[in-house]
Every structure is written in structure tokens, then in C-alpha cells.
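Each of the two complexes below includes chain A, the first together with chain B, the second together with chain C.
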Partner chain A sequence: MNFETRASGRYLVVTILEDRLGADRALSFKESLTQLIDNGHRAFVVDFSQVTFIDSSGLGAILSIAKRLGTAGDFLIAGTCETVGSMFKLTRMNRIFPMFSTVEEALAAPRVCP
Partner chain B sequence: MINGATNLPQMSLILNSRLDCVAIAGILARTFCECTGFSPLESRQIEVCVVEAINNCIIHAYKLHTGNTVELQISTKGSALIFEICDRGDGMDPRRLCDTYGKPFDLDSNTTLNDMPENGRGLSIIQSLMDAVEYTSANNTNRLTMTKHFGRTVGNQR
Partner chain C sequence: MKAFPSRNSFACSPLLAHTRESIIDNSTSCSTTEIKKSEILIVDDSPVQRALLSHLLKSCGYSVVEATDGVQALDLLKQGKIRIVFTDWIMPNMSGIELIEKIREGNLGFYVYVILCSCKNSKTDVIAGVRMGADDFLTKPPIPEELFARLHAGERVIKLQNKIAEEEQKVARAYASLSKAHQKLRSDLDAAAKLQLSLLPHPASLNKIHFDWVFRPTNEVAGDTFNVFQLDATHIGFYQLDVSGHGIPSAMLSFYLSKILQGSPLRDSFLKRPMPQEPFYRIVPPDEVVSDLNKRFQNDEDMFFTIIYGVLNTLSGKLQFTQAGHPNPILCRPHSPTRLLGNTGFPVGALPNIEFELVEEQLLPGDRVILCSDGITECINDHNEQFGMSRMTECVKTAEDQQLRDFVGGFVERLTGWRGHDEFDDDISLLVMEYESAN
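Then we have the complex of A and B:
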């Protein structure tokens, strides 16, 4: 799973460098971000701007990562296209995760968790 | 674009039971949808359904064992596109379709992250986005048939 990270304030911005987050890549994505959590990162903005496809495995990976992070962390979703956004909406995950149009908008938003 | 075409030939694709092969089937289904007049969003959502169905074959019917086959058939019937996904692995209890129908993703206001399961959304997604879904097992073949009508908005989204 290809992605890049950069620090911005208290957040680690994770930009997914793949166009698909499906079952063949979900486990690798989950393991990579879990490693970042285990290394001490507690606030994430995940940049989906290059992702045009997500399935239930990809959504499940996001839920798993967020659960690992726990309530003491932040997990923000940014840059989803219409299709990916529609999957968050269909599964009601948009009610669980703060979603923003861009990474910059996410970084500028009021802090969600202490 | 061939709007609402009803005379396109049936298309078939036989895949190895590998998760990294599934995207090809999804892209084929999406392209077929776009050529028959579905919107880009609808076509992408139908692609998700096809991918979910094939993932289920590979993960549940074949238990991730490679070297088996999954067949995708796409055809038109009247004002609908028909997607059939067949495998020869372990069959699914068809009651699972009934269990998820009509109540897939309803959350109440108290639902939290920890209440949300990490797995098991595939069938619910399919049933939410398709107009009809049927599952049969006969003659050592499991067949999931998904129907999507032209000119209907994607259902069950609020």
C-alpha cells in the first residue's frame, strides 16, 4: 500500500497514493497505520484525494484503525471524491468520522478531541 | 454511449480466485454500465457491488485459496442490467440475504465507533445499491444474481 506522510502541527497527514482501497490492499493499509499508532501518533488526517474506489474491506480497515486509535485520538477524513464519499454516506460512517473537502480544511478545523 | 441499450451482447469474464484480480472485473462492470447510460456515480457504485460479490466468493466460498475460478457474466434484459457471479466453493446460507435486506446501516443517535463492526458490510452494500439480489446453489455452483434497472436512482441512501 503506497502512501506518504507529513507532519502538520499535531496532525500526521497520510496521503494515500493509490486509486483503489479494496480487499487486496486493506490489510496492508491497516497494518501500516496501526504501526504509526503504535509509534505514538495520535492525530491523523487521511487524504483520500487520489482514491476513486473503496469497498467494504477498505471501510473496515478505516474502522479498525480508528478503534485502535481510541477516543483519545483524532482521525479525520479529507478529500473524498463523490464515489468514495457516497460509500461513507451509505454505510453511515460519515456520522462517525469528521469529513472535510480538503486536507487544509481538516487542519484548520477546531480540534475534535482533547 | 449507448443509452439504455438492450441489445448489447452478453459479456463474461473468468477470474482466478485472487483478490488482486478483482479490480479488473469491477472496471469491466463499470465500463459496461457507463456505455449503457448509467451515470458515473451509479456506474462506480455498481462496480462496488460487483467487487463485493467477487470478494465474497474468494474470501468465503474459496477461503482465500487461489487457483479456483469466479465467473462474472453481464447481460441486458429489457430495461435492466443483470450481473451474475458464480463460484464452485462453499455455499452461503441464503438466509443471510434476508437478514440484511432493508435494514443494512441504520444507526441510532447513540451509535459510537466501537458499536460499528469492521466486517460484514458487503452484502448490505449490494442490497442497498442494487434493485434485486438473488442467491442460488445448485449443481455445485453458487450464483449471485444482481439486477439494476435503467432510469432508477440508487436506492436506500439517506
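Then we have the complex of A and C:
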């Protein structure tokens, strides 16, 4: 699973450098982000702009990461394409994760208090 | 282990008188005291030459076997113990060169290191000998230092050869045990796949519902499954589900689910609950069934599934279903635009305490309800384009006049054509139900 991270304010921006987040990548994505959480990061903006496909395993990984983060953390999704976005909608994950069209929008958004 | 010969033994041999000095000086060349010495074959028609070489070798602890010609030598080699041969060039019956040719034919099954001994010592002779397959060349009469240097080189080669043969055997054994394990897994998987197929309904008619389906697991077993079954005299239950991931873990959950979600004559089952008054049971509404499943499957952190579970009253045509993360059912009504039913929904097992919606729809005679797994909508072609829901609905509409069997067959062709071949990345399942024939 290829990704890069950069700090921006209180957020860690995680840019996924893969075009597919399917069964073969889901586990390593989960492990990488779990590691970041264990290292103390609590606020993420995950940049999906390079991802063109996500399946149920990918969504499962995201859910599992969010559960790990708990209610005290922030997990924002940014830059999903139409296909990936429709997968979030179909499974109503768009009701769980705040979604933004770009990373910049996500970073600028007022924080929703948990 | 042979005792190292005393130096006195050299003094006894008149033949070795001229070499005695060098052996004493060069005692390290044959001082291997711990390693078992090789058995060496000397092939020479001259008893004197054999004795000379034999004595030299024996004096350094080697055991020696002698042969007078190539034929005899070959017989000795076939016994399988000897790996190093000193052979004369010119002999009756079978010459040294002919012997080497026989050895190199490879019928012995092991490598033999051959040192060709000859009085011939011109460069062309050496080249000819090596070209015929000799490993080394020794001029007669042998100088002990040279003899042992060449012998040790031979021993190194044989040692390497033995090591390679040993490794090859190890690899062969590992391969054999791997393929045995693989075969066992394979037959277990085949059995599981058969079991999974046996859980699927036979295309049939139940009351006023006719149905048919397509099921193509990516691996032997699938996370997808579906069923259509009778809940009571007027109600049909049906579902299609897709467990996240692929392969065995997904299939195990899908097996389990298909055992819970089935028709039962009992009044107390997962899908029917007892009631104090007639008919002494109630059919559990789909949203309640799915909520129940969601409570049961909260523990499996990474495993969840998407499902459409529905109940159809075959008398009234009233359809009720709950959609949980699964692609929308498609309603295909004759001479009307195709519609997607439902309004999304969380998958089951992903999050606790969530509400599932009940969707209702009045079916009319001739209506078809099509359920498909995401393996179909997300099926990509050569250009990385997804098959998608709109292509799916168009496909359903175009074939609305076809009989169910032809419709299903045609759909497989269409999807395979889109894919470009018939290997898919995800399980493919399609369930088509038709409510009462229009005629």
C-alpha cells in the first residue's frame, strides 16, 4: 500500500497513491493507518483523489480504522471520484464520514464537535 | 576409518623409492584424518601401473578397486559406490575414451570424476581427452604431488555434486509434500464448492414466482449467496448477500448465513416468530431481520456483508425488502421504464445500533425484480470502465421479452463480452424473479 503523509495544522493528510483500494490492498492500508493512530495521530484527512476503485474490503478497512480512532478522533474523506463516492453512498458511509471534494476544503472546514 | 600409514610402509615399496621424498615432504596432501576417504577405481591393463597407483593411493588411506579394462570398470561403477576413476587410455576390450563415453551417457544416475592417465602428454592429447569427457589428465608415471592435487580437485567436485544432488532431493521431497498438501486443499475446496452450490435453489416456480439465477464464484467458494424459499402458503422469502472479501473466510460466513436465512415449517425460526393467536406465527419483517443480523455480527471486526432481504406476498403482490449496502434491486415492468428500488443502506455488521429501512413496492403481473452483486456492477473491462448500474438496467430492459432462462443466459454472454474473457475479479451473482407470467 503506497501512500504519503504530510502534517497540516492539527491534521495529518494521508494521500493514497494507489488507484485501487480492494481486497489486496485493504489489509496493508488498515495496518498503516492503525500504526499512525498508535503513534498518536488523532485527526486525518484521507486524500482519495488518485483512487478510482474501492470495494467492500476497502470500505471495511476504513470502518475498522475509524473504529480504532474512536469518537475522539477526526477522519475526513477528501477527493473521491464518482465511482468511489457512489460506493460510500450505497453503503451510507457518507453519513458516517465527513466528505469533501478536495483536501483544502476538508482542512478549511469548521470542526464538528463530537 | 583407516589408520594413517606409518612412514615405514613407504620404505618397503621399491616402486616408490623415487617418490618417497616428495610424499614425506608433502604429507599434508594426504593427511585428511577425519574425513572418510573416497573409494577410487583404477583402470589399467598393466598390473605394474595399477600396483604403482594403487600403492600410492592406499598409502594415503584411500581404498582402491582395480579393473583391467573399461568393461570391468563399468561393471564396478554400476554398483554405485565409486565416484572417482583413474583410467588408462589404451586398453583391450574397452579403451579409456570409450569408458568415458559410456560414463557420460548418464545412465549411472550420479556424477563420476574421471582422470585420464596416459604416457601421451602432448597438448592435443590432453585436449582430445578432455573433449571426450575426461575431467582431468595425469601423465604416467604420476608424480605424487600432482596426483594428490588432481585427486583433491576431483574430491571437491564430487563433494559439490553430492551437495547438489542432496539439495535436489530436498527440493523434490518438499515439492512432493507441497503438492500433496495442495491436492488435499484442492479436494477440500472442491467439496466445499459443491456444498455451496447445493445450498442454492433450483430455478423453479414457487406460488406465482418464477426465478432463475447466475452464480460464478471467483475462487472455488464464494462470499456471495442467495436463495428464494417459501415462508408459508402465501409468502416467499428471498435474499442475496455478499460477504466482504473473497475466498474461504467470506464463504464460511456466507454458509452460516444461508443456514439461518431459510424457510422453515417451524413457527419459531429466525424468519418467523410464534404468536399467541392464529396463525400462531408472524413473518418477521425484513428490516427487523436485518437489524437482528446486524446485532449478531458486530463481533467480527473486519467482516461484514451487504444484503437485500425481502418478503413477497404472492397473493397481493406486495413486496417488502431491506437494502443493506447492497446494489439496488432493479424493477423491470413490461412497457415501463426500468426503476431502481430502495434507497441505499448500511452494510450488516459494520456499525452497531443503526436503523434499517423497510422498502415497500406493489408488484404487478409480469414484473421482474433483479438482484445483482457488486461483482457485476463493478466488473471492469479492458479500459478499466465499470459495467455499472445504468448498463445493467439497460441490459435488463433490452431483454425484457425473453424467457427467464434465455434472459439469464444472454446476460452472462453480455457480461463476458464486456469483460473480454470469462475470468472475473469478484464473485458474480444474479437473481431474477418474475411475478406471475403476464399471459
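Here are some notes:
Simple rule for what comes next: the second predicted complex is superposed on the first by the 112 of 114 C-alpha atoms of A that agree within 3 Å, B and C clash if a C-alpha of one lies under 4 Å from a C-alpha of the other, contacts with A are read in each partner's own complex, and residues count from 1 in each chain.
Just so we're on the same page, a contact is a pair of C-beta atoms (placed from the backbone, for glycine too) under 8 Å apart; a residue touches a chain by one contact, two chains touch by 3 or more.
Worth saying up front: this structure is predicted, and the values here are computed from it rather than measured.
Chain B and chain C, once both complexes are superposed via chain A, clash. With both structures placed on the common chain, the touch criterion links A:D55 to chain B and to chain C. With both complexes placed on chain A, chain A has more residues touched by B than by the other of chain B and chain C.
Of the two partner chains, chain B is the only one touched by A:E82; chain C is not.
Contacts of A:V103 after superposition: neither chain B nor chain C is touched.
In the superposition on chain A, contact is made by A:T91 with both chain B and chain C.
Stretch 217-225 is the one among 1-9, 91-99, 145-153 or 217-225 where chain C clashes with chain B after the superposition on chain A. With the contact threshold set out at the top, residues 22-23, 52-53, 55-57, 59-61, 63-64, 67, 83, 89-92, 96 of chain A are in contact with chain B in one structure and with chain C in the other. The touching residues of chain A, when paired with chain C in their complex, are 22-23, 30, 52-53, 55-57, 59-61, 63-64, 67, 83, 89-92, 96. By the touch criterion stated above, chain C contacts chain A in their complex at residues 242, 244-246, 301-304, 306, 325-327, 344-347, 350-351, 374, 378, 380, 384, 386, 425-426. Residues 20, 22-24, 52-57, 59-61, 63-64, 66-67, 71, 82-83, 86-87, 89-93, 95-96 of chain A touch chain B in their complex. Of all residues in chain B, only 19-20, 22-23, 26, 40-41, 44-45, 47-48, 51-52, 55, 58-59, 105-107, 111-114, 116-122, 124-125, 128-129, 156-157 touch chain A in the complex they form.
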